[in-house]
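Note that the chains are named A, B, C, D, E and F in the order they appear, and that numbering of residues resets to 1 at the start of each chain.
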Amino acid sequence: MSEDTDIRKIMHVMRRAPHGSIYSYEGLEMILIMAAYEQDLSVVFIGDGVYALKKDQDTTGIGIKGFSKTFMALDGYDVEKLFVDRASLEERGLTEDDLVVDVEVMEASEIGRLMTEQDVVIHH
Amino acid sequence: MSEDTDIRKIMHVMRRAPHGSIYSYEGLEMILIMAAYEQDLSVVFIGDGVYALKKDQDTTGIGIKGFSKTFMALDGYDVEKLFVDRASLEERGLTEDDLVVDVEVMEASEIGRLMTEQDVVIHH
Amino acid sequence: MLHTINKSPFESSTFETCVRFLQPGDPVLFIEDGVYAAQAGNRFSSLIETVMKNNPVFALKPDLDARGITRVTEGVGSVDYEGFVGLVEEHQVNSWL
Amino acid sequence: MLHTINKSPFESSTFETCVRFLQPGDPVLFIEDGVYAAQAGNRFSSLIETVMKNNPVFALKPDLDARGITRVTEGVGSVDYEGFVGLVEEHQVNSWL
Amino acid sequence: MNIGILLKEGPYNHQAADTAYKFAEAAIAKGHKVDAIFLYNDGVNNATRLGDPPQDDRNIAARWTMLAEKHGVEVLACIAASKRRGINDDVMIDGGEITGLGTLTDIAIRNDRLLTFGD
Amino acid sequence: MNIGILLKEGPYNHQAADTAYKFAEAAIAKGHKVDAIFLYNDGVNNATRLGDPPQDDRNIAARWTMLAEKHGVEVLACIAASKRRGINDDVMIDGGEITGLGTLTDIAIRNDRLLTFGD
């Protein structure tokens, strides 16, 4: 078991689109709580996960609370490592300008390398 | 509303693999009940749905009750229209000989035409 | 027959499977995460254009709005829940889950 | 890092997505409906052969048995739950849901 | 027109319950009769009265009760699926009821349409 | 080795709960400590004691109670996810408990491994 002084590298991998299922939303809730524990957190957006960051989401019509703007709050929780998979953006016809927050767009190989450095990886 | 003398054409479309989720199993339970109502039932296996009919399933190790043999009982319930999509079999490297029951292998276009004749289509 | 599709085509093969069974003239309606298929300029735009040669294609507007999809592939119609009901009035329904 | 995949590659893009991120040497373990990928002679056999050039590939035997998969693509190892635990002893885990 | 609805996923985790409700609401507003909402698979989890969602979120259980009490929609949970998942009369929402798959067959027969919502 | 498990789907509808149990059982048999099973998303539906599966089927709720009582595994349901889905102390399985996401963070920190099972 690790000692109290250890800082764990924990990566959250956002994989699902918002609204069609709750995984993205409850994933974000998990990240916000973990952010208070001063671990080494990163959040990676892969596949449909990138859609959670899409600008101009208006959920009024479906009657579900929107949460894309909450990603902007991550910075205030010192969660600053937001990485987006380049290929996932491109095949969806999206660019960085379509996203609500500043992210670092990375190649899959780089993200894959980051994954192997983690103590914990959780997919949402 | 239809009259009591009407016979409805009801198609069950098996789409999911067995065991990984319950949809195939609970779908079969639904078919068995509906079979008692003397409607015009058909069962179509598309995509991973064809795996439900795979021979040699032994679920002992995963601790879940197997049900592939129950498909053999459908005949006794006068559910005789079992159709399998040819392309779904082929891309999975399966042939009719791999299946636990006699089925009619059909082209997607024929199955699609049958679908349009239905009063009710339910996917499992 | 009205075909509804509720899954993102990027994560699930449902849309492509449905297309194989589609009969000419039958409308397709994207709902929930299915509407991502209809976003203009994505990897599925050309498949949707092919489908539209024989089938009318719609996307549920509240689901488009919820996902920030402001531009859909040209020719894709948009309906609200009332329009969804309208399509159901005219057709039997095949919900591809 | 051990990568587990629990979805059928025919219905979900999870396996293909995982492959894009895989680092050389990291083992892949198919579980649940993921094991359909490993069946010999299906559409994914060649992708699995490519992956095996750089990564060991396993399938969970009780899940293979449950699905009647008697032949796997050559080179795919088979482990029971104890073997799954063995892989977890050696690697951190990345569960691709 | 008479419409039946089959709902195959539980509340909140998937949008299916929301879409089914929005569709039912629109159909009723257009003058159609929504005859029944039949809950199957994890859909039976819509039938618990114990849910306590955040105040600023929608209350899905209350929607089914409203459809039942205000618009005469039968809200029915399959008994076999319910037993597996811990849904019973003790936790049943107002206006909801446990029944068998035979009832779903009746619904499929007596309505002009049967729509399915799920995952 | 110390192992934590995160379970994201309910019982019966997906195999996740079965695989998580089989894995935990094998890990314990190999001499490892399974520290906790944390239930999230629809996974919290594993925590109801009201399930009544067919006699010839496995009883998933009883498995969690067994792991908790016989092997000291903490079986924990996230409170926010539970409230949404109608899981509370009145229906909680023996050996299970409701807690917050902070506890999951502790589990992630104090164990050598955290495995996720889900859909």
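As a convention for this text, a residue touches a chain if its C-beta (ideal position, glycine included) is under 8 Å from a C-beta of that chain, and two chains touch if they have at least 3 such contacts.
Everything numeric in this text was worked out from a predicted model, so none of it was measured.
Participant: Strictly by the touch rule at the top, which chains does chain C share as contacts with chain F?
Facilitator: Of all the chains present, those in contact with both chain C and chain F are A, B, D, E.
Participant: In this assembly, which chains make contact with chain A and also with chain F?
Facilitator: D, E
Participant: Which chain has its C-alpha centroid farthest away from the centroid of chain A?
Facilitator: Of all chains, B has its centre farthest from that of chain A.
Participant: Going by the average position of its CA atoms, which chain sits the greatest distance from chain F?
Facilitator: C
Participant: Taking contacts as defined above, which has more of them, A-E or C-E?
Facilitator: C-E
Participant: In whole angstrom, what separates the CA-based centres of chain B and chain C?
Facilitator: Using C-alpha averages as centres, the distance is 25 Å.
Participant: Between chain B and chain F, tell me the centre distance in angstrom, where each centre is the average of that chain's C-alpha atoms.
Facilitator: Once rounded, the distance between the two centres reads 33 Å.
Participant: List, in ascending order, every residue of chain B touching at least 2 other chains.
Facilitator: 19-22, 47, 62, 64, 119-120, 123
Participant: Taking each residue of chain F in turn, which ones touch at least two of the other chains?
Facilitator: Residues 8, 12-13, 15, 19, 22, 41, 57, 80, 114, 116, 118-119 of chain F each touch two or more of the other chains.
Participant: What residues in chain C touch two or more of the other chains?
Facilitator: Touching at least two other chains: 6, 10-11, 13, 32-33, 62, 80, 92-93, 95, 97.
Participant: What are the touching chain pairs in this one?
Facilitator: A-C, A-D, A-E, A-F, B-C, B-D, B-E, B-F, C-D, C-E, D-F, E-F
Participant: Can you check the complex and tell me which residues of chain C touch chain B?
Facilitator: 1, 13, 17, 20-23, 26, 92-97
Participant: Would you tell me which residues of chain E are touching chain F in their complex?
Facilitator: Against chain F, chain E makes touches at 10-13, 41-42, 45, 48-54, 57, 61, 80, 83-88, 90-91.
Participant: Spell out the residues on chain F that touch chain A in their complex, using ranges where they run on.
Facilitator: So the residues of chain F touching chain A come out as 2, 6, 8, 40-41, 80-81, 100-102, 104-105, 108-112, 114, 116, 118.
Participant: Over in the complex, which chain A residues touch chain D? Could you list them?
Facilitator: 15, 46-47, 87, 108-109, 111-113, 115-116, 118-121, 123
Participant: Report the residues of chain D in contact with chain B in the complex, numbered from low to high.
Facilitator: 6-8, 10-11, 32-33, 36, 39-43, 45, 61-63, 65-70, 80
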